[in-house]
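In the part that follows, the structures are each spelled out as structure tokens.
Shared between the two complexes below is subunit A, which pairs with subunit B and subunit C, respectively.
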Partner chain A sequence: MDVQNLSISVGNNPIVRNVSFSIEAGKTLGIVGESGCGKSLTSLAIMGLLEGTQVRLTSGRVIFEGTDILKVSVSERRALLGSRMAMIFQEPMTSLNPVYRIGDQIVEMILQHEPVGRTAAMQRAADLLRRVRIPDPESRLKSFPHQLSGGMRQRVMIAIALASNPVLLIADEPTTALDVTVQAQILDLLEELKTESGMGVILISHDLGVIAQTCHSVAVMYRGQIVEACSTVELFANPLHPYTGGLIVSIPDAYSNVDELNAIPGRVPTIDERISGCAFHPRCHCAKDNCSTQAPQTIQRADHLYQCHYPLEASS
Partner chain B sequence: MLAFTIKRILATVPTLIAASMLIFLFIHLIPGDPAAILLGDTATPEEIAVLTKQMGLDQPVYVQYLKWLTNLLQGDLGTSIFFQVPVLSVIADGAETSGFLALMTMIWIIVLGIPIGAIAATKHGTWIDQITSGAAMFAASVPTFWLGLYLILIFAVGLGWLPSSGYPSIFEEGGLANLRYLLLPSLTLAAPNAALIIRLVRASMLDVQREDYVRTARSKGLHPVRVAYKHVFRNALIAVAAAFGFTFAALVSEAVVTETVFSLPGIGRTVVQSILRRDYPVIQGVILVIVVLYMVVNLLVDLAYSWLDPRVSLK
Partner chain C sequence: MTLLAVDDLKTWFTIEKSWKPGAADKVLKAVDGISFAIEEGEVLSVVGESGCGKSTVGRTLTKLEAATGGTASLSGKEFLSMSNAEFRPLRQQIQMIFQDPFASLNPRMTIEQTVSEPLKIHGLAQSNAEIRPLIADMLSKVGLDPRVMKRFPHEFSGGQRQRIAIARVMILSPSLIIADEPVSALDVSIQAQVLNLLKKLQSESGVAMLFISHDLGVVRLISDRVAVMYLGRIVEIGPKANIFNNPSHPYTQLLLDSIPQIDPAKRAPKVATLGEPASAANPPSGCAFHPRCPYASKLCSQAAPELQVLESKHQVACHHVGQFERQVAA
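Our next item is the complex of A and B:
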């Protein structure tokens, strides 16, 4: 999948501007950024789930398997959802319909995209639950969502997403609502399933730790723009954007004894605040005069993209 | 579910006893002597005293209550002071009219309320939504007697399509076609309640539409109609089921007015007339029947609730 210059607005407020990235089969792309930076909107836009909201796609192309899926008809688009690309969400507790059994919710996905009978679909659903490591899948099919824990529900969501063997999985903060041990299990599971099926994964997170563990490459978003993108190894070894630098420094280190955690000063500006020049300059320790007047262009240095007038140097 | 139902039925016993006491006490608080009313203006105090004694009304209220309760447990609701026939047969006389009226009203409420509410929600913000919501607001605000009179004026007097009043039994000449007598009354009775259901279905569907699991359903690539029906509507129905219990209570009081406006020989009109005649046994009997019906309806609502929402467990 290739996303080119995607822009999204609410009313006249641009929220996501000129976001471009690409993702290959079998690879994981991490999108990282603080809450409200536009990561989730970007993924919902790719899935075409913004219908019926105030949010509008203003420009851009999303090339998926050779076609621009933003240009195809609504029904062609719908046929892709679930079958070729699937999504799991941040809130496993509320993402399953409380009034239907787990089995029926998985089967609904299978029957939507494949000409199989109900019994065969139910059998497939049990296999899927086994694949996502849910014990005793046959009896779990008959459970209602409220009878499962958060981690279990997220596994069910993953089972639904994988039902029709998608080639792209978008995981929007899949572990944020779960406690830490369950987080690790879910991430391991995603990693395994990706290796097994060879699908591409877009992992959205605000947690650089999660990204470091699972992703091949990373795009760092700040206020609706990708401010830095490169391979994960390169990002941690050699961050160029001061925002990325700040994020990495603010990861608590278990081995050093500190009284105060490192943090980026200030907060993410709200969407209706207008900031001239570089959006990050009010919070940036490297900002100079022209940062407040002149928006930085995207600069490419080898495979490393960044938007900054005064990038952190490799040595620092 | 069976255990729950039995338990719920047993739990209604204390409620019924409390209700019967309240009914009895409040009715005896109403000023006016049934003996005097029965005998008319020309009766002498002696005649009234004799009749009062005959009817047992000279005894203390608690004695009268215990007597009534004992008879009640034997299935005897007493004898109407005015008609001089058993209360049960007075109620049975009105039951056909009121029963069919209630049934037709419920059908209108469901047939009009639920689909229109669902359409308004799926067409949220369009002119369809505005027109239906406006009409629902109007129907909910118009008093029952006013709407009834206007329906008579338009469809009975003006267009002459439907009868304006009365209701011959379906067992008499005319058969089931006699139900047309109940068309206007049931519409009158249904209007404010259907309006309530329209608003409720619309509001809860719009609420559910924002739920995460609806987004999940859309991400499966389901057709929007299927999403609206299987995921949004199904969950919105849970809130609507709860409202049906209240709707029944509203129906009972509005039925009294409607039966009076359309001169229907139903239980509602019987109550009004019995109050005017101080016919205590009839009033007590009818109110008790209404209380029992109300409890049955609420039990059904609870059962429907557990059927609609698996998170509700019946214990």
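Our next item is the complex of A and C:
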């Protein structure tokens, strides 16, 4: 998948601006940022889930297996969604229908995409539950969502997403609602499934720890723009954008003694605020005069992309 | 000096009334016999996963929930058995900060009204002329411009609202703050600011704090001592250094090893997948953690272990403490 210059607006407020990234089979791309930075909107736009809302795609192309999926008809997109690409969401309780049994919800998905009978589909549903490591899958098919724990529900969501062997999985904060021990299990499961099937994964998260542990490459978003993108190892070893650097040091670490966190000052701007120049300059400790007047271009250094006039190593 | 002493605290909820006369109701033991103490000026954190009862501890100690059994005393005065009227003067001493700053501030009250209300309720000041300088002073202490006094909560971001909630609590100069996940609804960069603020205000004013959180990183930053809860009981309690450098209960170890780490060198080796937290409505027999514990023996499924002293102040509730090696790279 290749996303080129994607821009999204609500009314006259641009929310996502010129976002470009690409994702390869078998790799995980992380998109990280704080609330309101546009990371979820980007993924919803890719999935075509913004139609019929106030939100408009103003420009950009999303090339998936050679076709621009923003241009194809609704029915052609339907064929792609769910079968070639699938999505899992943060809250497994609200994404599952509470009045249908787990088995019926998985079967619905299988019947949509495959010409099989109900009995065969039920059998496949049990296999899927086994693949996501749910014990005793045959009897679990008869459970309702409320009878399962949060971690189990997320496993069911993953099973539904995997029903038609997608080549791309978008996971939007898949573990945010879960306890830390369960989160570790779900992340391990996603990793195993990815290795098994060779699909590409876009993982959206606000948690740098989760990103660091699961992704090959990362895009850091701030106020609708990708301010830094490179491989995960490079990002954490050598962050160039002051925002990335600030995020990394503001996480309280359970493995070292710290007395005070180096917090980024100020607050996340709201979408209707207009900020001239670099969107981060009011909160940036490296900002100089031209940061407030001139928006930085995307600069490439080896495989490391960043948008900053005074990247960290140069200024420190 | 001991400020808060909690002894054998129990908070049970009836989840199903029995229709048979004389038969026992079905109860959920959210907090099931925990004891701890907080010294003056000390920060004790309670950590655990959802459903372990950590929030219920805080809500019981502020009498938002009724205790089923046990005692709690503030500076030697038992207060769980008090009537609400008797407890009212003590409320000034025990204040609470909640997780969601969008729900805990009244949307129809200005910031001035919100922060001055506790002063009026407790009769510490009456006239607005008297109160206004106090509020202005408090707002600047929590990092807000005093001129925002006339505004309403919807004009503020999450982090600013949490600062207002902190101002409302600090203006009473309480001796104990119960903070229930005060930063978990905030973005990382804002969370760091609010944590720094809480830490600064705590050390300046010397207020003691019961800090309830699921995030061990946050806990390590803010606490002096840590209590780890699992299904209504404390499984390990001790000074911060002991808990983080020498976690001795298998559950504490699992919690620490499950945190996603940025630095690959700090990552724990993969822990075996060991199921999910059991429900407090239907707890396992013996040690509640035994179905998930890699070191569990027959004894663990039969008898619940009591807290035993490991070193001076470090206590652990495990039958096999010291009999297993923690598998960690570092």
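Heads up, the rule we're going with is that the second predicted complex is superposed on the first by the 312 of 316 C-alpha atoms of A that agree within 3 Å, B and C clash if a C-alpha of one lies under 4 Å from a C-alpha of the other, contacts with A are read in each partner's own complex, and residues count from 1 in each chain.
By our rule, a contact is a pair of C-beta atoms (placed from the backbone, for glycine too) under 8 Å apart; a residue touches a chain by one contact, two chains touch by 3 or more.
Note that the structure is a prediction, hence the values are computed from the model and not measured.
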Checklist entry - Given the touch rule stated above, what does A:Asn290 touch, subunit B (first), subunit C (second), both, or neither? => result neither
- Would you sort A:Ser276 into first (subunit B), second (subunit C), both or neither based on which partner it touches? neither
Figure out whether A:Met157 sits in contact with subunit B (first) or subunit C (second), or with both, or with neither. first
Counting residues of subunit A touched by each of subunit B and subunit C, the higher count belongs to C
Task = Go through the superposed model and pick first if A:Leu96 touches only subunit B, second if only subunit C, both, or neither.
result = first
Now for A:Ala79: first (subunit B), second (subunit C), both, or neither, which partner does it touch? first
* Looking at the overlay, what does A:Ile264 touch: subunit B (first), subunit C (second), both, or neither? -> second
After superposition on chain A, the subunit A residues reached by both subunit B and subunit C are none
Listed in rising order, the residues of subunit A that touch subunit B in the complex are 47, 49, 51-52, 78-83, 86-87, 89, 91, 94-99, 108-109, 112-113, 144, 146, 157, 160
Subunit C partner, complex, touching residues on subunit A are 34-35, 133, 149, 151-152, 179-185, 187-188, 206-210, 212-214, 236, 246-248, 250-255, 257-265, 267-268, 270, 283
The residues of subunit C that touch subunit A in their complex are 49-50, 157, 159-160, 187-193, 195-196, 199, 214-221, 244, 254-264, 266-267, 270-271, 273, 276-277, 330
Within the complex, subunit A is touched by subunit B residues 209, 211-213, 215-223, 230-231, 234-235, 238, 308-311
